[in-house]
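For clarity, chains are labelled A, B, C and D in written order, and residue numbers in each chain start from 1.
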């Protein structure tokens, strides 16, 4: 069975994504690693442990990674969106997990890759710090990575700043290293698509009524849902990371285009993805062609996520 | 009659824009100033002089401005698009003009503003160097500027680089000063709209057959038209600057939105406009709300330009 | 008699420099222009006017220039060093001046240059904004500039930041344009030398007792002298700008070296001069060779200033 | 016995430094890791292996690290100084080493730290890429680092560029992370001091005649010595890295000062150390106080190195 590694900063949408991966019959969730991001590393790590326990997957090893960005300190965390604990203040509802794998995220990722007979998919759904460190410190393991399915970036604007999406903005140097400088097959799932995959109130109601896991996940959404409802002017929730993980467990779920991209690291555009969408021009130096998710069957995706989380 | 000043770097589309302004009964074209850009300053200045002569407007004073960008030297000119002489190699067809107003572009702009009883519209349709110098060296004259109608920028990508449109890319520091730091009423006409205003082969044929000025202008288009036809995969020509000048002579031609914008001056996004299109967020420091042209009656605009240039 | 133009942001040391120029028999002080800097433009302009009146030079025209930096807004002014009014709170002691020349600093500088039969020396002793505007808006006048004698920069560190001296830090883009991109003969007088020219308590006492102008100038020094005394741990005052003006009125006063330099405009080194002092290497692109003042007869300089201001 | 780790890019001066460490009775050289730098990673790794063999230390494990900089690709290597093979074309004289430790530099460094009962000194004498990765991927091991003795930086200018010394210039982001963002005790040995420690022709002659190791090391110096002789105008060789390693094996060899520093990562100053040497000012944000080597007994140092390498 194909193996999957998830690097995450839970986070409400990470919680949905983790649950999706933990319950997917198509993949073997080989490990989960954590990174600072939506909230600080202690909280994202505690949340990852508790979510795996809630999914009855205490067998999945969890290790804690970077508490800060690769080069420059990031400015602030996204706690105002996800709540102080990353789960709308509801993280105490999570069960206990037997405990953290010692040694840290990067060594755990490296060990899983080294020991796996087949290449492994990695789904980074937080800042790309751990992944940049993995690729830079263990370049010999790159052939063991089947694909990076990265949630991040925005082709027509950002959410953390006018230009930058949160995951890239939180560590632009790591994003530049992973997305532009490496040659591992990479699919980027930007917010242009994840916003279109929004789920609405009835979807969340159906999730809540579907069983204990659905009820638990729904219980994490109040402040997150309020954020998006106020932002977008209608009752909705954006499950960014779950869109990427759906593709990671069922390749082909998302329709992609190949685009040359780079990452801006300075000025007001710090953390922005720049895609070269000009027609008829040769590739620019400093850009790399990667796959970018541009569309999906929206209703089918929503139904899939609901079905898997019930 | 409202006065109009045009700051330009002709350039094929500048030629159309200049002719439009020179023949508009609605405005008094008080002066034309030139700037480096599509080609070097000597060529843009010669072209501006010849174009006014061809429009039978030798009365319009012309002065030469900046031969280079405000702070850093620009990398290259756009001669490959407009031909080495800026007019597809056809500039020798232009008649003689009585001659340049001595003293330079910025003093001429300042003199027109100072002597005008009413505020004057300025249409900068090249790099913003002269305009930045005018505003910085003559701040007392700002109340004499009715509006800047600026051709430049791209909200969803550029043409000179993946991120930057030519006019802003050619002098990002000047663009930042004019668009973000000043408080003069400003309308930005970005390439997102000008590309949609493309004219096709039959339009150019009709122009050619409409009379001597139309025939002259059409004669400047071959290499420019070939550039866009190859780029866009269909026979078309983009009259960027003419779209801005249409608005300058007939206010209300373009539909606008107010958007907070800034200009990136470093990295791969150098010269990019960043617009804050996020919903529900307070304004970011370093951004200014300006009017951005987002739509127009495309066929009416094409008909207007054709009618005025015949 | 050689003409001299002074562009200044008084400021205590500017006051000494202005007085030196106003009383120098060797030069014709053709005009004084003001710029934001040590304090805001209204105060620097009022101080320049009053200082010329106090020197019995109401004949020298004064015009007000840039109230802000060329591209990006500067962070703060140096009012904590020079006092809120730029003259240690003593500016009310200055006599009245017949008034400002209308039209602004850049047009006045241009007019003096245009009308002068011989090339004119310019001594910029504040942020370089007006000078950048002059060179950019009136490039034809560059042959009329004999030399720029610029007070600014630090070769081994700054005073406003660890890397940047105040005048360059206040407008790094203007400094880059003037010092690196232009070809006007330029002498830079950096703080490495001006600190060595410090005057001490007895020197200030002698000045105070030398006559009415000396007493007036000494009356401006208390908070400025306190700043340097606390900084350097001994009773002293640094007359930065007067060192440059001494050279402007008596060429050869300072010993110079030719050095390739550039100006950093980004990051923690924003506003720093970088000099290439490596031996045996070819010139780097983006650097220009200028003259840098490296030494002088310190006691002779102090005696000269004291003698001229009595 | 105190343990020492050396991270290196041999390089002629690295060869001297490695030999010094390999033969020091005061320390246990626990491992050597390699990094790109003076020449590419394959050559620096081969050189490190051969040098340890030549020093009769095949017991020291060697692992290969980063082949490129942490974030952005570096522009060029220093092969013109050290010769294409890093050792003036003489690397074929080196004996064979039993072989590389698999798994890479960062895991080897981590393993030595984890297994060491006492904190270990690390002497990074190449670009800081491996060290940045170690600190970022294994933050729990930081208490196991006694001190970083880093050769790099220049307080009054650089050698690779006017502002930047080679090791910092080759990976400024890694240098920023290690020197400014971490809290491990750090001593920086800048070129200001290493140039003063130059050795001359007679010193090299004495080394050559001292025995087989001395003769081998001297044989690596011709192109390197020619570079410095041409640069500095006298027959000399600069053993940058050996100065740092002398301190690492005999703490207290260098006299140090505590200085707040930062690293510039953009513009012409990319890779420069900025030290805040202003008196009487509070610490600036974005700076960290570290120890900087400022002086030593020059003759004693030269004698020590000569004595140890004979």
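What to note about this one:
By our rule, contacts are C-beta pairs under 8 Å (C-beta built on N, C-alpha and C of every residue); 3 or more make two chains touch, one makes a residue touch a chain.
Note that the coordinates shown come from a computational prediction; the quantities given were computed from them, not determined experimentally.
Looking at subunit A and subunit B, not one chain touches each of them. The chains touching subunit A as well as subunit D do not exist; no chain touches both.
At the interface between subunit B and subunit C, two copies of one sequence, more than half of the residue numbers in use appear on both sides, so the contact is built from largely the same positions. With every chain reduced to the mean of its CA atoms, the largest distance from subunit D is reached by B. Taking each chain's centre as the mean of its C-alpha atoms, subunit C lies 43 Å from subunit D. Chain centres here are Cα averages; for subunit B and subunit D they lie 55 Å apart. Averaged C-alpha coordinates give centres for subunit B and subunit C that are 39 Å from one another.
Subunit A has residues 265-266 in contact with two or more other chains. Inter-chain contacts, as defined above, occur between A-B, A-D, B-C, C-D. Subunit C contributes residues 155-159, 161-163, 230-233, 260, 262, 264-269, 272, 274-281, 284, 286-287 to its touches with subunit D in the complex. Against subunit B, in their complex, subunit C makes its touches with residues 66-68, 70-73, 104, 106-107, 110, 129, 133-134, 136-140, 173, 176-177, 181, 265-266.
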